[in-house]
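Chain nomenclature is as follows: A, B, C and D, assigned in order of appearance, with residue numbering initiated at 1 for each chain independently.
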Amino acid sequence: MKKPWSGRFKHKTSEKVEAFTESISFDKRLWKYDITGSIAHAKMLSKQGIISQKDSAAIVKGLMEIAENINSGKFGFRKELEDIHMNIESALSEKIGQAGKKLHTARSRNDQVSLDLRLYLKEETEEIISIINTLQKTFLEISERHMDAIMPGYTHLQRAQPVLLSHHFLAYVEMLQRDRNRFEDSVKRIDVLPLGSCAISGTTLPIDRTYTAKALGFKAISGNSIDAVSDRDFAIEFLSCSSITMMHLSRLAEELILWSTEEFRFIEISDEFTTGSSIMPQKKNPDVAELIRGKTGRVYGNLISLLTIMKGLPLSYNRDLQEDKLPVFDTVDTLKACLEIMTEMLPGIKFRTERMRTSAGEAYSTATDIAEYLVKKDVPFREAHEITGKIVLYCIEKDITLQSLELEKLKAFSPVISKDIFSVLDPAESVKARSTYGGTSPSEVRRQIKRYKKILK
Amino acid sequence: MKKPWSGRFKHKTSEKVEAFTESISFDKRLWKYDITGSIAHAKMLSKQGIISQKDSAAIVKGLMEIAENINSGKFGFRKELEDIHMNIESALSEKIGQAGKKLHTARSRNDQVSLDLRLYLKEETEEIISIINTLQKTFLEISERHMDAIMPGYTHLQRAQPVLLSHHFLAYVEMLQRDRNRFEDSVKRIDVLPLGSCAISGTTLPIDRTYTAKALGFKAISGNSIDAVSDRDFAIEFLSCSSITMMHLSRLAEELILWSTEEFRFIEISDEFTTGSSIMPQKKNPDVAELIRGKTGRVYGNLISLLTIMKGLPLSYNRDLQEDKLPVFDTVDTLKACLEIMTEMLPGIKFRTERMRTSAGEAYSTATDIAEYLVKKDVPFREAHEITGKIVLYCIEKDITLQSLELEKLKAFSPVISKDIFSVLDPAESVKARSTYGGTSPSEVRRQIKRYKKILK
Amino acid sequence: MKKPWSGRFKHKTSEKVEAFTESISFDKRLWKYDITGSIAHAKMLSKQGIISQKDSAAIVKGLMEIAENINSGKFGFRKELEDIHMNIESALSEKIGQAGKKLHTARSRNDQVSLDLRLYLKEETEEIISIINTLQKTFLEISERHMDAIMPGYTHLQRAQPVLLSHHFLAYVEMLQRDRNRFEDSVKRIDVLPLGSCAISGTTLPIDRTYTAKALGFKAISGNSIDAVSDRDFAIEFLSCSSITMMHLSRLAEELILWSTEEFRFIEISDEFTTGSSIMPQKKNPDVAELIRGKTGRVYGNLISLLTIMKGLPLSYNRDLQEDKLPVFDTVDTLKACLEIMTEMLPGIKFRTERMRTSAGEAYSTATDIAEYLVKKDVPFREAHEITGKIVLYCIEKDITLQSLELEKLKAFSPVISKDIFSVLDPAESVKARSTYGGTSPSEVRRQIKRYKKILK
Amino acid sequence: MKKPWSGRFKHKTSEKVEAFTESISFDKRLWKYDITGSIAHAKMLSKQGIISQKDSAAIVKGLMEIAENINSGKFGFRKELEDIHMNIESALSEKIGQAGKKLHTARSRNDQVSLDLRLYLKEETEEIISIINTLQKTFLEISERHMDAIMPGYTHLQRAQPVLLSHHFLAYVEMLQRDRNRFEDSVKRIDVLPLGSCAISGTTLPIDRTYTAKALGFKAISGNSIDAVSDRDFAIEFLSCSSITMMHLSRLAEELILWSTEEFRFIEISDEFTTGSSIMPQKKNPDVAELIRGKTGRVYGNLISLLTIMKGLPLSYNRDLQEDKLPVFDTVDTLKACLEIMTEMLPGIKFRTERMRTSAGEAYSTATDIAEYLVKKDVPFREAHEITGKIVLYCIEKDITLQSLELEKLKAFSPVISKDIFSVLDPAESVKARSTYGGTSPSEVRRQIKRYKKILK
């Protein structure tokens, strides 16, 4: 099979080199975008009189037949044709003859591959945004269903203060909202037409890039041809956004794993979302959450791959850039799979709210409430903190709870303490009292749910 | 020195632990933001009646004196006070007594450190955006000064097509513009007030977060207290934006190094920006460019550090987060230094435009122009490409240039070739003819310069 | 101050460039190794008759005085002299005149900096090995002290089978042993003399590299001068070994954090090794463990930094290599600090062995023992596994323990079950029965402790 | 299809979860090692009387038939059976009935997967070592063939001193030798039998691990069952060794790319190992070298993936570990392909030695020789360096070569200069004179070739 660029060569490419350099085994995934781009390109060429209307029509028809062939699995991809671009162009020429040889006018694989990847990533990013939206809604639903559940809030994985389970889940809604916004911002830099940059410097033919951009739905047109074929920022930015989202999922996964332990016993993941052990008959493992946590490493690795690839490359296109595709594809697949399985797993989780509430009341978790109680009685905070610390230490040594302390005992620590102290020691009261913006009180949490319902609808 | 949280403890922290856990040695850099935040906090507390006007005034006055002390180098930072927050609070209490002990009312170091880092990063990001702007302008100036310079455009580091030096530099203006936009987008996620989230769940005291946000110039207020103290997305996003910018600088650095070689000889960096060898008396090395290229690794490393730190952390605050500061500080310093030194080095570079132009005319770099010439004479592009390939091969074997081929010889390759072919073989004509949007023609390059002047002013 | 390489330059280095390119602010840390190397070099030069005995003696004396000055803090490092090498050489020439100008004969900063870094890393790696050794011994001591402690062994953070606490800690002894072996192997590649490679190609002067190697205690001499000045493998390998060790420490840290939770309550870290909260008076946080876990990200980042720096660099020395030092220094400091603080923290930890043992007996953790019991009665393992699974499910639904099942009930699941089943349900018996090599039985654990005592002594 | 661990479960795994958690799509690659391991395990079980000789024989026969089926592509892998282990065990039970259900006695997938991966990595590492050996020999052959070729040695990519091309290539032999040694060292930590560790704590059955180790050719047996199922150090170490080797290849690739430019013109890569452009007919691109350089990022990414995955995981086995396989497999494939294609490409490269030699004589590259000439005439090196710097500056300003300076002119710079100076200015003499160990002289290079021939044979 003759290479489309073989004119200047005396010897054929070695087969090992073909195997080493081919990308068709993975970039065939871009076929849809390649054909869409070629159709728009062919129409522009004829509109500008660079090729005839007849040739253009033949090209469009041919490409659509090829699309059907690929879609139905009948297309035979050939490694010796290197990549998706040459596979499709060759098939087109075989099918429609001379007209097919005109398709590559005023373009290069350098701008074509950037076009394909941008069309692909734009579509995928929009889908990811929509999946994130669904996961956020799932959190809202669960939050509404469990408005009564009080759990210990943790810092340093030590019980800190009682919080609403809903408040805890809304934290993830916030993270996901930032993820969405980040992906949305990144689309601005994906949504740029590179076609027309050709190999590096543009073309001498009278193309109309605005037409092509409109046909393909691009909001902007690249302003510098050298940059356009050298640039993979949009792919790195996608990997970076994905890494942050995976990091969020890894934190959630970690919590689900912790809460599933015998020690926490806050949740039970349903049988459908756990697996067993090949040797230990009693085991029920939170494998899905563990795999999500593990796959975070995979996405980080993809990010560092592409950053490394681009480091120190002189302009413009270098073949190193071909290595951009696998990390991007793998990240798209991994991120979508993790977001989706999380979305499906969460609603089936059974929350042991009784146990959560008990835990929330232990370990002196309302100590801060005492300190703030003292502040309201005009004790400077730093002193209030110290007084409370001493009360806690006393309880630890006596192995008693804050609630079980007698008023007289409490007065010994500070004379300003009176009977009303006991109301602040109750976790439910503690939660209710934190009603400032962003706080954990039921009223505030309901307000945030309402706010997000509006944002997400 | 007693720890401010020592009430509940029976034994003192070990000195080794103090040395291991302290952050004052590096977070003292945040003193300005810590004090600004505390002043706004104190004013809010008094406005809300949580502390008295008198106490608030004493606090503000005390903090301003401390600021002066630090600024003039007279403040003694103490490791046993752990961090910048406790160093300042302790100094305040020493200075103004009881009132100082009220400052930490309704806040925690968890929301305070997030506040400080956000104030710091917002300011630094805005400064970085401004430095990028200056570098872009520098490129525009150089581009305007060298509008006549034609150089070889490279793909695969092989000469591909002639381009304008100005067009090449505008590619960097494009990259930097994306960098700016990315930093600008990131500010939306930095510019959020976390204060009022306290340790994890908000406070029972009647604070006014809107007041504080306004006082500190924040555009938004965090909507979930648990998220607010757990979140370092804004820092990771900063490191990610910085990594991409450094990657761009590493590509530019690589080119400056290549162009400085004896082999390329496209540029000469001035004596002021090169250094010599301790052993080889003739050497003049492009050290600045090499260091910029090397420092890219440093910033990538910082990004992967923070991503790793955050992976799998359960909510909310964990002490691991303290490790966010060094990678952020180091990246701010590195990125600013690299951008600034590049901005200063570029104007002094001497461009050997004569040599560039000669190189641009060699190596059959106008072969694509022949192919497009043939297309205009109705040869399908794929055939035109092959015909041209054969012409090039013929020239290589004869060791002659395209320009030196006789018309008859050319006609033997394709009968459609006529005398007008010779005009397309001239690099200057080749460049001039690429006048579509984003192309390398002088007219188009001037248009892009004009466009950017408007954007950057 | 004139640069030692200024002969060929007409203009002075810009001050900003000096600030950007200097390394003295961090490589001054190598002063001891630089001087040691220079002394050996001077002696070799005079032995070979390249300089006189008198000059050599003056150099040695001068260098030793400089060493004293630096050691006592009296030496003034100067940024305009770039690095530690030039700072010392200049001071020497100021002190002893002409003879000082002869020291740099037959060497370059290119081989000199490699020498310094190798001497430094060899010493530090040996120290790290020794600290690891101490940490291993600490684990052995704790293991011996707690031979009776039975805890749940976890897979997927679910209780799997009862194990000895000592067995669990011996797992870390194994990891640390691999770490040691890895560091020891790496020393082979550090322990190579680069001096004599000069700038890139060796020297025309009759040096004796064997003499210098012996004087400095190197086991090998670099065999290729170009490689010697280009190579930073030994530093990357150090960072890689360190990353794996930090990963191990991060796993241990994670466990200490988990075990310190209210939910696990397996351990209590002493007051000396925990810190409190600025707002929540009751908190006692495992900060040291959290910071160790976090610092893992820092060391990973250092590894990726240097890998990135070296990627795609043409031979031989490039200034990018200067960026090797900070990641190496930071890793040495971080790793040593983490190993040491862990070594000090562990002995003071209070193990709540009663609670561990109770936990070990819950959650059907001896189910595998039932399956193996059935295997011994000739039930194929896969069937035994299924039968046991059903027994466990029955118990879960009835909310009873395995031990509380009546024999008749058990027989209903499998007729081969007889009274002796009850002995395998006891965690202590379960542990005792796992006496194969590497198993958790007390006899085997004692054997492993003994084995390690021999290895570590 | 019933899961082998389904006894304790009431509900079936969701299909989406099956798709998310399965590993058979990639771990089927381990089938050979899985079967080898199972055969050894079955024999040990019968030797120990845990299963009968008859059962063992049936298992072995069944497994060998399965191996044949897989090898010939007739085996149907099933996703619902999760992984390679369960696919093979299930097929075995279908084939031989009850005996098949006994194979999993005294083992778990936790130790089994570690066994498979170790057998695989041991074999692959040994193959990689052998491929490295071949690449080293290729360098030796090329070096011997081009002993006369003198080229410029570079520091900072500036011509520094003339070196032999052979000397330059021997630098890569050195790097590869370290790579080999590193891989060899790593094998010590791969070559350890984990089987017998079972799920986490060993087994109550009387297994003989020494027998299994011997049968499978392992040099050591894991000493701690908890560690054995938690440990992936050997995989990380493999990725780290691979990253360093790829880094070396990326440097070589960079040089081949540079040397192929029109500007350097040091080499011509053969048509078989280059590819053309879809648009520019004259292009001949060093794609293979570019892809090798790019693939470095991929391997770095794999390293950071696994490091991230392992960070902060509590002991022992967690499902996250399943994510170890893809980065390892991808690295094995990438590294082997890059080493092999490089080995095949190098011998066909045409070296333009005439041009190399000319370049070596330009740019004052023998200036160091003048300085050392002066040293031999008793000028202190630092002064000699400065004198030579001034000579070079003079030549630059006059635009003349060192060789063309008249003796009188030279004497004006230093009176000690006499006629013999001209011999040191010749690149060939310069090279010849650097004959100390590791230097670039032909005699020394020949010695190093001889040394390596012995090492590599």
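By our rule, a residue touches a chain if its C-beta (ideal position, glycine included) is under 8 Å from a C-beta of that chain, and two chains touch if they have at least 3 such contacts.
The model shown is predicted, which means the values in this text are computed figures rather than measured ones.
The chains that touch subunit A as well as subunit B are C, D.
Here B-D and C-D are compared, and the pair linked by more C-beta contacts is C-D.
Per-chain CA centroids place subunit B at a distance of 33 Å from subunit D. If each chain is reduced to the centroid of its CA atoms, subunit C and subunit D end up 23 Å from each other.
Under the contact definition stated at the top, the residues of subunit D that touch 2 or more other chains are 4-10, 104, 110, 155-157, 160-161, 199, 258, 276-285, 287, 290, 293, 296-297, 300, 303-304, 307-308, 311-312, 318-319, 368, 385-386, 388-389, 392.
On the subunit A side of its complex with subunit C, the touching residues are 152, 155-161, 257-258, 260-264, 276-287, 290, 304, 307-308, 311-312, 359, 362-365, 367-368, 370-371, 385-386, 388-389, 391-392.
Listing the residues of subunit A that touch subunit D in their complex gives 3-14, 16-17, 20-21, 82, 85-86, 104, 107-110, 198-199, 270-273, 275-285, 287-288, 290-291, 293-298, 300-309, 318-323, 326-327, 337, 340-341, 344.
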